[in-house]
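Could you have a look at this structure, given as structure tokens, before my questions?
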Amino acid sequence: MTVAERTPLVEMQHVNVAFGGVHAVQDVTIDLYAGEVIGLVGGNGAGKSTLMRVLSGAHPADSGSVLIDGKPVSINNPRDAKAYNIETIYQTLALADNVDAPGNLFLGREKTTRLGSLDDSAMESETRKVMGRLNPNFTRFKMPVKSLSGGQRQAVAIARAVYFNARILIMDEPTAALGPAETAQVRNLIRQLKDEGIGIFLISHDIHDVFDLSDRISVMYHGEIVGTVNKDEVTTDEVLGMIILGKPPTEVTESELAALHV
Amino acid sequence: MTNVADAAPASGQVQPPARTSIRGLIAQTEIDLRLFGMLLALGVILLTFNILSGGKFFQPTNMVTLAVQASGVAVIATGMVLVIVSRNIDLSVGSLVGVIAMTYALLMTDWMPNVLGMGPDFPFRWLIALGLGIGLGALVGGLQGFIIAYIGVPSFIVTLGGLLSIRGVVWYLSSGAARSGLDPDFQLIGGGAQGSIGGTLTWILALVGCLAIVLLLINGRRQRRRFDFPVRPVWAEVLLGVLGCAAVVAVAAFANANLWPEGLAARIAARDNWGPTPEGGWQIPTGFPYPMVLLLGVTLVMAWLATRRRFGRYVYAYGGNPDAAELAGINTRWTILKTFVLMGILCAIAAAIASARLNGATLDVGQSYELYVIAAAVVGGTSFAGGIGSIPGAVLGAFVMQSLAYGLSFMGVNSPGQNVVAGIVLIIAVGFDTLNRRRGS
Amino acid sequence: MFSRKLIALVGAAAVMAAACSSGSTPSPSAAASGGGGEDCVVGVSWNNFQQPRWAATDEPGIKDTVEAAGGKYISADANLVNEQQLTDVDSLISQGAKVLILLAQDQNAILPAVQKAKDAGIPVIAYDRLIEDTSVLYLTFDNVAVGKAQAAALFEKVPTGNYVLIKGDPGDPNASTFLPQGWDDAGLKDKVASGDITILNGPDGTFTDAWKTEKAQSNMEAIIDKANADGNKIDAILAENDSTALGVVAALTAKNYGFPPLSGQDGDPANLNNVALGKQYVDVWKNSLELGKAAGQAALQLCAGTAIADLSITVDPSVQPPTGAAPTDFTTPGSNVVKAFILQPTPVTADTLNLPIDAGWYATKDDICKGVDPATGPAACK
């Protein structure tokens, strides 16, 4: 799989985020091309989610810049991010439990009638269409999402991102709470979206998923990028070494790698 | 959000048509079981008191008294639902009602004639006073809402401070003395024979209500058809229409069975030259009292805001998952502030009813309202966990609690007894709710 | 979770109330040097200065009397909190008070403060509310006589018929004991026994939480509904005070019932106005200006070293106790015998509205005569 475009879809340059005395993201530079999946990996507290929250507008950076299609942009809140067609599927899914699927899909971006009232029928209709593509067996459109299964909730969160024509998709642990069948569905979806030219940041702790789906892998360690490598040019052990020891393949020794398996 | 504004809101997916069990049939009507249960409970309470009193309790004049007594708390309860749903609380409502009631009294007895140059004959003086009161309520509510939403002080603390300080302000305004003598037009807001809309208007309202229910059912069905959604079986739609209309007409008929006291009718007849008294007396129906009409209007507007506007959607979404609301790009702080502004406005309306009923204001008008309002909202299904609450439910809750208080008063049970019963009912209602939810999830 | 909030609310309210209490700011203490008008520092501990009556009548009565003789008036407000009142008394003593006038929030909780005063040799006047201690001077209006005056006035107007009894807060001994005792002294118990009077909401009547006007209103509405349902006519209403009477009038108005004779107590402006308008029949007025004056006189004499038994207090003849200018023995419910100076209340009807006006009551003629047609109204409003 090659990535042909010259201008990266997204570039994050020298991003720093600190809060509560913790320097969560330190001078991180990372980029993403259209039609590419970047696996963003690292241990707990490595800074992956925080970095992505900068892109999704949930937590603006203290310093650094973000470029989209080569042009600098300013993302100060989730609305800004969505305006740039950046959609996020958070680890917690960020669904309002007491609201139904259409309500969640359109949360913050509701369809309204001419008088400015909610157009629930139109929203439900659109939701049925998009859910039909992702999960044809889904029928509980009027129930609060609290009563849906984990996979169905995931489908709603994904549908939300897909419906609004994301060009850049951030997926934070999308298969963590899913069973094998649903996991396979999500993986298919990711491949499908990649084919459509969408750029995806995929945060996952499942090293096999990462190797299966991503084109490049960026590893973070204590807030810094250890290295960004092509998937084809590394072994799982070397990636593990980056995650656990914080050392890129060029600096790690055979014995250190062997010690990881003890 | 499941659609609550319909005449019979949905609570779940429509069952496949094959079911013929009672539960299946009820499910096909998509009636909100909880609301229906509360209506039943209210009916049981009224029936019980009627039996205990030998049939004297359930009379039009008594039910009208009950409705007027419940209206102030019910008006505020519609707003408290949104506040509690969004994980806040407003303890200041009683004091706010008190200060606005005193403001109405001072405006009409002192400030308007003496300071603003508006004598008793100034046109629409009562309306201006009402407008000023609503403005004051919105201002104070907005101030509290600002401190809660934008500065981040917990609503419990802010409104507790409001409860204490605003009640103190009432004393300074009035030097502790009662003020009485409001404009006659303003007094009508409090109900009574002349403070009611009369027989004709009541029938018209009933007709409009019935039409509205039928139209809602038809429109709802049409919308579903448009998108190929499953629809209720025709018999269910017809049943709901018939029951809804019957209920509306029955309530109107009951209100119209409440007659003007003959003494009053005779007095007005003499004053306005209606001619000789007819056989059997004047028999003038009062119809719905103004407080009830106000409550109806408020309930419709609040329910519409809650279910058909983005504002309401955002309140519920925030209550369900504040994080999700933020990440969806909702301006949550502005939303929360608006819930408190609404509370202020509703308190002003309730204060108008209370002061009109008293024809003035005392130092302690509105005292403890916050407890009654919260109880009404909670009995009506609003949960302190956030995200769950029904506005019609809160109104019903207010009526349930007031029917107990009034019924016990009627039967001669003193305040301590009334409070014991109220407390027990509150615990039972919420306990029932909690068990139900646990079983459902 | 709601009940926890309630407890927190009550706790927080108590803390904030205690923190915010302050009546008149106490002035620096005068140089201490034995009795006499010029050096008499009179310390007053109010229990709830927020109630309008104290600022309007009692305080001026005490303060003017004391200051006219060259004395000094200092005070504190306990805002309904017992602990605060103990602190207030401490602070008044430390500011050099020679006499203490105490309006006890609770007659038993105040005893440690009384003991402190005794130890410091400071005489104590129990003002308006009883303190169960033999060393105090009990200065009050005769609450039982108030009840008697209310009932007597109504019985004269309506000797037989259906009565409604509206009482105050069930926890207040005035409401549950003293006033009803006065009603019986006027003959209520006998008339009920003989069948002359039927109590529609009997046998004990209806209490009103915290004397609240709104509660009295909704209670009365239910009573009217019940009476109508039973086919009974309400002939008279014995209400214990003005705040409840106001609620009764509102209920009668809402039901277009007319205004059967109604009693009250306190001489509140709105109620005196109702008397002028014919909506209330009698308002038993306690000229607390005179009570304040009496306290002021007693304080000055006590400062000068006079013993309690030898005090001579002269007030307006209308309120002067029938026993004269000297304190008499009074047996308390706790079986203590205290020296007491008990003033007489004045029942005010439409004919006698001039009494409070002439006495300089805080209800002015404008307040009392608002909306009264001079042609048909009482003499006092012409």
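Read from first to last, the chains carry the letters A, B and C; within each, the first residue is number 1.
The rule we apply is simple: a contact is a pair of C-beta atoms (placed from the backbone, for glycine too) under 8 Å apart; a residue touches a chain by one contact, two chains touch by 3 or more.
Remember, it's a predicted structure, so these values are computed and weren't measured experimentally.
Think of each touching pair as a link: the shortest run of links from subunit A to subunit C has 2 of them. Measuring from the average of all protein CA coordinates, the nearest chain centre is that of B. Centroid distances built from C-alpha atoms place A farthest away from subunit B. Computed centre separation for the pair subunit A/subunit C is 73 angstrom, with centres defined by C-alpha atoms. For this pair, subunit A with subunit B, the centres built from the Cα atoms lie 46 Å apart. If each chain is reduced to the centroid of its CA atoms, subunit B and subunit C end up 38 Å from each other. Residue numbers of subunit B whose C-beta contacts span two or more other chains: none are found.
Counting partner chains per residue, subunit A has no residue touching two or more of them. Counting partners per residue, subunit C has no residue that reaches two or more other chains.
Residue ranges on subunit C touching subunit B, taken from their complex, read 1-2, 5, 8-9, 12-13, 16-17, 20, 50-53, 55-56, 170, 201, 206-210, 212-215, 217-219, 221-223, 225-226, 228-230, 243, 246-247, 250, 253-258, 268-270, 273, 370-371.
The touching residues of subunit B, when paired with subunit C in their complex, are 53, 56-57, 59, 61-62, 65, 68-69, 89, 91, 109, 156, 160, 163-164, 171, 175-181, 190-193, 260-261, 263-264, 354, 357-360, 362-367, 374, 378, 384, 405-406, 409-410, 412, 414-416, 419. Of all the residues in subunit A, the ones that touch subunit B in their complex are 56-58, 77-79, 82, 88, 90, 92-100, 103-104, 107-110, 112, 116-118, 120-121, 124-125, 128, 139-140, 142-144, 146-147. Across the complex, subunit A is touched by residues 1-3, 10, 12-13, 223-224, 226-227, 229, 307-310, 313, 316-321, 323-330, 387-388, 441 of subunit B.
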